[in-house]
Amino acid sequence: MNSSYIIKVDCTDRKGLVYKVSKILYKNGVNIITNREFVDLENRRFFFRAEVNGEVLEEDIKDELQKELGSEANIYISKRKRKNIVIFCTKEAHALGDILIKHYSNELNANILAVVSNYEILRALVEKFDIPYHFISHDTLSRTEHEEQILEVLKLYEIDYIVLAKYMRILTPNFVKNYKDRIINIHHSFLPAFIGANPYKQAYNRGVKIIGATAHIVNDDLDEGPIISQDIIRVDHTYSWKDMQLAGRNIEKSVLSNALALAFDDKIFINGNKTVIF
Amino acid sequence: MNSSYIIKVDCTDRKGLVYKVSKILYKNGVNIITNREFVDLENRRFFFRAEVNGEVLEEDIKDELQKELGSEANIYISKRKRKNIVIFCTKEAHALGDILIKHYSNELNANILAVVSNYEILRALVEKFDIPYHFISHDTLSRTEHEEQILEVLKLYEIDYIVLAKYMRILTPNFVKNYKDRIINIHHSFLPAFIGANPYKQAYNRGVKIIGATAHIVNDDLDEGPIISQDIIRVDHTYSWKDMQLAGRNIEKSVLSNALALAFDDKIFINGNKTVIF
Amino acid sequence: MNSSYIIKVDCTDRKGLVYKVSKILYKNGVNIITNREFVDLENRRFFFRAEVNGEVLEEDIKDELQKELGSEANIYISKRKRKNIVIFCTKEAHALGDILIKHYSNELNANILAVVSNYEILRALVEKFDIPYHFISHDTLSRTEHEEQILEVLKLYEIDYIVLAKYMRILTPNFVKNYKDRIINIHHSFLPAFIGANPYKQAYNRGVKIIGATAHIVNDDLDEGPIISQDIIRVDHTYSWKDMQLAGRNIEKSVLSNALALAFDDKIFINGNKTVIF
Amino acid sequence: MNSSYIIKVDCTDRKGLVYKVSKILYKNGVNIITNREFVDLENRRFFFRAEVNGEVLEEDIKDELQKELGSEANIYISKRKRKNIVIFCTKEAHALGDILIKHYSNELNANILAVVSNYEILRALVEKFDIPYHFISHDTLSRTEHEEQILEVLKLYEIDYIVLAKYMRILTPNFVKNYKDRIINIHHSFLPAFIGANPYKQAYNRGVKIIGATAHIVNDDLDEGPIISQDIIRVDHTYSWKDMQLAGRNIEKSVLSNALALAFDDKIFINGNKTVIF
């Protein structure tokens, strides 16, 4: 018997919140299968997530919680469901391909509505899986013009998350605000080391013994958004930067995959420039 | 502002437990700093742990919880405090030494009351730190006689946990039942691989590429108790079994250290032959 | 300037082997880009691998080395080239899919000649990539009859390696001897823990905190062949065995991928029941 | 039968070096137990290390090698022996304590000649192990004056390596040049992330999911010397920066310990701002 609803709450911390929230759920006949709670003592913020069963009257519970917790509280109640996503990519197939295979095997808790790319290169791969591929070249366009064309295409879809699967273009704040906290990027380094271009070359030049990858929520600052997931692999002096790149791809795709699983299961809270993950 | 009390509850699962427990805490003026909850759906068992603040009347709250949850519920309420431990060892200094240094640096949330060993070898090290050392040879003694002598010495101390820091003797069920769920062992393999004697030699002979260590609660079956913590390191064909042993010691001590931190912070529940760790 | 040839030698150890081997290479105008050497002191066996450049007259050098090192020496000299492989699978797409994507992206140092399966399930996926799919049902057949049908199909291909990408049938010694040391399997546990059926259920029941995967050369004993590569991920009490299975798949595919890269680059020696990997 | 001598060579790469080096060793009756070789193709530099047996006439072999390889070649031939080290520390006991315990257990391939500190705090710990402790306060002194006092003390000892075991002072280029390539530092972050002061606070503020430690050779630039070893551990939103610091200490000491083992076994080459490690 899996849970059928997810409830997420975050609000200013005060006394008795677990009691108050669980009381409202209990009174409404909701059965908590599992829950976690965390208080950021520094910022006095309370985070609560529960997987629940029962006949959940979403609007009623939301109203009661909002009344109890106040208008600044973020309250999310949703039936468990597959998320709808659009994937952005450029030229590399590994991260995209991993998602396509997971989707094909029904291991991705999401529907891939479409793939958007500034190159034609990955069309053949995507279309093997009968997924629409939108090629929107950035050639001859300003960044803003390019993004406007993309936004136009995205209007076709009801999107829960945009996944940047090695999309090698920087998004403007204007684009990002359209999908606030709903764009997930995989960066090919262990942030905050090697921000920016060609982190594998930077890592090679520095002679590191470990390379990594970071999945994060995209905000206005390049590679500075809240981190969801990170992982590393060991390298040594025999690795050229191309060897590091090749080896790093295995980590890039597994870190992104891990971050997507967390996002699609509603396990991530944004807490300023950080995440709280249950 | 750290929490001043720990509350742990486990009982048969039923509806509304988070509400009922948090209500009792709230009514008693207890403020939850952080809590976690888990339901083992297979065995229908509920686990709850909270770090709380406030004027906690331990006995009153315990009585109310027991009344609400029934007599089969395990309820633990304790002021945060350093645990009192006795360490058992044999000949190897690394795990013991690591605990001694942590204790010396005030990084171990415990008082070391004494060290017990079936050899004299480690006395000099222990006494450097002004800790009593009890040498109880097993020579000429049956296992039962040896353990009786140890139990006699242990009567001198009020012990929260016994830590087996590479103590190379098997404890009998009779000994174990005196300290049920309070004996923590470090086993020098990645259990359940390589149970029993000389796991590094076994690992070497099998040609594994990873070796590990496992910290677990001791119960009646050798190396079969609930696992608290595990970790691994990579090895390759250039490692002799002695190299594996030497490398493995770094993992043994860090895994044991990690397990002790969890135990001393009251973060471990026993769930049959497994642990629930918050 | 990459190396263009690989030279591998293993033979009984004796004095001066590095000198004798490197002399023959030098006299033949071969330039060593990189080499590694290892002596298994226990079994007195010498292993040597070099990546070299130059006008390599394969047969001449091989003859000279064999004459110098004796008839029991194994000598392998080959132009660097993509290996030819056949993949076996059953129902799960993740390991197969990962190889297909790597192949598609030109990141696999191999040509996939065909896929063989005892089910039809994965045909659609494989044929998206224009790779022949041989469905050979084991229904109504004895193990030997089934393998004979497979061997018949394999005759169509010149095969360097057979890759068992979650092929859930045990191969008989008779089958294995046809492709001695050239069958690579991914086992979904950290061997030698959890040999045999459903290792994730076994791991769940044991309450381990780490699960793993093992890639190995297949020999006559189930899950007992020389280990090439292993890796692990952390799990906790919240994982059902199905969660472990899902999480484990990420490790299965990365461990297999790593093992294939080593094999396809001729970096693996078989040393009894172990591997030497340079 | 372990090897009794270590031979290390690095020089400009050219054809036939393995042959030429191994020939000289062979002609001198030296038996290679194990050797590794690496060519940095980018910088055209050859690195060779062998563990050998036999009656090694160090000076003769060195002369022959130097004649063959030219004056720019670095040639190191040494009987295997315990290195002589001095440890620098400030206030934290964990890294120092780990080395002291390893030394006490005879697991450190080195003699600790003395400990130098700018505080008195760790004297009691060090003197438990009968090791001289030199307290050299930096109070009221310029950096240069302080270092001069330290250098004066160091003259008492024949030092192979200086180990900075959480020594929280920056060394000047003048000091460093006295012990070129022989000072090993442990930095409490995953370099190049979080260079400089309080990396744990930086890591906490950035919301990383992994923290690390880096052991490196000290050169003139703060935290910029050749990296020997790195490792990481996972953290999450529940960690305060003090929790990260506490958890990080386990990694700091194991990374330093690993780096020291490599250095004391003569396994490290300096290659510009990187290391080659066999």
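Letters A, B, C and D name the chains as they come in the text, with residue numbers starting at 1 for each one.
Everything that follows uses one rule, which is that contacts are C-beta pairs under 8 Å (C-beta built on N, C-alpha and C of every residue); 3 or more make two chains touch, one makes a residue touch a chain.
Computed from a predicted structure; not experimentally measured.
Chain centre most remote from that of subunit B: C (centre = mean of CA atoms).
The pair with more inter-chain C-beta contacts, choosing from A-D and B-D, is A-D. Between the Cα centres of subunit B and subunit D there is a gap of 35 Å. Remark: subunit A and subunit D have CA centroids separated by 41 Å (rounded to whole angstrom). Touching of two or more other chains is recorded for residues 34, 38, 238 of subunit B.
Against subunit B, in their complex, subunit D makes its touches with residues 34, 92-94, 97-98, 100-102, 104-105, 107, 125, 128-129, 238, 246, 249-250, 254, 257-258. Those residues of subunit B whose C-beta lies close enough to touch subunit C in the complex are 38, 40, 190-194, 206-210, 212, 226-232, 236-238, 271, 273-277. Per the touch definition, subunit B reaches subunit A in the complex via residues 1, 15-19, 22-23, 25-26, 31-39, 41, 234.
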